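Data first, discussion second: the structure below is written as structure tokens.
Think of it as A, B, C and D in the order they're written, each chain with its own count starting at 1.
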């Protein structure tokens, strides 16, 4: 099949300093729907248009950040194959039992070279979106509740060894490189955008000395006008904004970066390219990232916070 | 790799009653770029953002319509595999030599059960888009020349035996069904939307007694506002409009259908869902197509011309 | 003062065949706020962004249509002056007492040559909009409740003697002509767009043999994207649509015409020019109205219903 | 008449350090049309949609800034009246002869309390916009040439005595106050937005110790999407951006502030409220201007440059 193997970002587990404050934020401001709570006290959420049972999981902890990120694969057989391939590449993997995450089958977890917990899974209950699969209506009130993104779209992770990650993701997991940035005065890749579909990115990495750092989780909006609406709703709710509205030159996405109540960065974005692997990646120099507008088309600077503030 | 096999619509060859009139239309009104002419007199065009040498080929003929549509596959090895698989499914195939289409490798052509000439190919010269692959700028004057779509996105074809086509495309070619319409008072599928990516459709079919009928070629715009701009440019150029601006319930795309100077329908559209195969298809009844807004969210009728006017 | 005399459309009273059905529609689908009911059983509504106590009044009656339309003037002194001027022009006027409409001062009413009840008033209670006048927030949930227009913007009325109305409105009431259409093969004006501000229109008239006919009341939206959202909300609520989404060449407004449950046409529109009186009017021929896109930029036809269906 | 007296901003004369560089910028990047040059070497420009002969005049000088700003009034009689009224208010006025500015009648000039040269005029040649006044088409290529604003919309001026200016503009010139900001911990107005129409502002002032300072000239775009396109065109042309894209809480306008090649700030903005004088002004505190999002809905800070960088 044309689209198989690793399909899409399936879930991300984020740590909240105050769980209920976090739930209130992701539910009422971002506009996700709470779909369950488990006996560990974790809270599960999804967007109005997602079909899977959940895409965001919140857990209370003493420090913010990301526990793990999981990608859905096309079948249990593919899960087995990828598990072996990851082991052959040299990583230890472990199986988390079905049900450890609500409504989710077995997951294969491993630590990628940037230090992040990464997992694959083949099974999660399809609960459907707000408009259903049969003669769906073109609009639903849920699509106007809070910022109301369409989907959890991707994450950007910071850590060491991004070029090892590039090898793992492209040669083992079936991702492909859509865009990259080379470090100043070198041809060494320091930032990667990787796709497992024809999205501009399903995951991205930036080289950073500290392992397992979380930069942001991104949520997709329908339009540039919805990005402005997101800014307005952030203003009404006193959400601190890091950057935007602006457009990234990289991926062409219209964007706002902001922080959740625990200090985890999230992105509300729209648009972006729809590239194909045979095009080859778009190459950005370090200057292209900054003054070339790779990060910020409008300001054309390398925002300090983009490089340094992670959780 | 997560995205392989059949990748995307690669080209469509359309018949023009008056070639230069057609070229002028596709170049100056739709805003494509002419990239070459061959010794058969055919004219090759691409959008400003496409990387491949061409996506639209125009040929002069006594009657309008589509000669063939071709899809790019991920490698020559895949081309060989798919050729065999198509033969095993029971269709004759033939190889067109490299260079028969400009800057294009060998093509494998076969007649699908709806009567259309369908082809696969693995190689076409990458000529790049207007902004390039290295530190691209966020805007280029070409993006404002005429209607200026991003890409040739899909085609809708009419003919008999669409359920055989469904079998061929899903079980042999690796496409998957994103949405469908059942015929009145039956559960027989009469209209299919098929994807080989996570686009809402890479090709679509409607059951029709006459084989090899062409409904429309669709070109992607960035936004609903660009759809209005397309309507304005059509007005200035006296382009006859069939339907729109409106939104399809099916695929959620914002749309205008209009006719080129030879009477071939084309679509300028934006948006649309980004589905995944594991979601299962969205099902529309015949009433859902009409009064349910599947075709036209605003009017909620089954436009007569949609079902009957083909070339 | 630069802006004085007649300021803006202040209210329109519409007849509902079923009052509560009408209230439900204007409140829940169009998204107005109910602000009061009087002892005649009339229901008062306003948009979330209007400051005045009401702009739409609904009354139950055996046939649909408009009872009267009222415009706010800048002071009671101006009201007195305009009353006299209207009398001098040859119309009888009468005073309706303060309080006859809730929270509204005395109104001067007269029958204009097209047969419509037209009134002027200087006083209506300012109740403020949803965000207030002091450090207003940039967004409010009310702005997403239903179609949620910004304001009642204008009305289009059909009747005889529109050229007498032109004289009355421009020479007595201080309006000015922004655009007009001449009747086929004549230079006689058959349709008028009139402004008392620098809006594209505060009121419009079309020549029609029957007096006192109501074509539509128009409600302003922020953007073309909001027009699409209006179409979606209409679809979900089975609101019959007359025309659109499209753009008028006249006034450049993006538009949908649809019908309320009693068969009164309303418009949800956005944009439009911001003309000035010294520019002189934009002139449209009858052909310009139709095939020139004056009515419908996309279809470029003179929709039959536009000329014939009135209440 | 409902709209009379001072009608609109008519022209602004800006000083360029290098005239041809400035002309190239306003013509090719901002997208104005050059309409003439006079024997002083001044260059005249207008937007594609303006009817008057010019709205921007560029002059070469050793330092940047604004020479004067002029407003069109509704007649020569009104010009005479306002001249007298300004004199009675206590300012000296002088007449500049017809033709001193190309295609412009006599102008009445005076120095307002903030130190700026302000002028009124009743006559300027109407040259028409790109689509004309008769059956205009809905689109013209000029509307896509550069940033391509609809009109010169307003200016923001810095200087002392803004409360005297408030008295002059509201009690003599017929403007009215739409919004204002009070200085920290006082109820003294420190920033004013003034309208002579039902635009959110036709001119604005901020209290500043130095007289005759120029903050920005603003040009109106059709939509928030056009604001993004402006950012993209600025990026391609290396135009330094001060702030935006964002939205002002004040006036609700979507905005970018940037600098022309001589360091004069300009604004490309869209939207904004359409207030009326009887609503009373929207009141902002100093905190409302900053953390309340009055200046910047997204960042909710008082950008240092907004208060300090003027020419």
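Keep in mind that, in the parts below, a residue touches a chain if its C-beta (ideal position, glycine included) is under 8 Å from a C-beta of that chain, and two chains touch if they have at least 3 such contacts.
Treat the numbers as computed from the prediction; the structure is a model and nothing was measured.
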{"item": "Chain D and chain C - chains in contact with each", "value": "A, B"}
{"item": "Chain C and chain B - chains in contact with each", "value": "A, D"}
{"item": "From chain A, the most remote chain by mean C-alpha position", "value": "C"}
{"item": "Superposing rotation of chain A relative to chain D, computed on C-alpha atoms, to nearest 5°", "value": "180"}
{"item": "Chain centre separation (chain A, chain D; CA means) in Å", "value": "43"}
{"item": "Centroid distance [mean C-alpha coordinates] between chain B and chain A, Å", "value": "31"}
{"item": "Interchain centroid distance [CA atoms averaged], chain B/chain D, Å", "value": "47"}
{"item": "Residue list for chain A, restricted to those that touch at least two other chains", "value": "137-138, 223-225, 231-232, 235, 247, 249, 293, 297"}
{"item": "Chain C-facing residues of chain D, complex", "value": "1-8, 51, 72, 74, 126, 133-138, 151, 173-176, 195-199, 222-224, 247, 249, 252, 271, 274, 276-285, 287-288, 292-294, 297"}
{"item": "Chain A partner contacts - residues on chain C that touch it in the complex", "value": "137-140, 144, 223, 225, 229, 231-233, 235-236"}
{"item": "Residues on chain A engaged by chain D in the complex (per definition of touch)", "value": "224-225, 228, 231-232, 234-235, 241, 244-247, 249, 254, 256, 293, 297-300"}
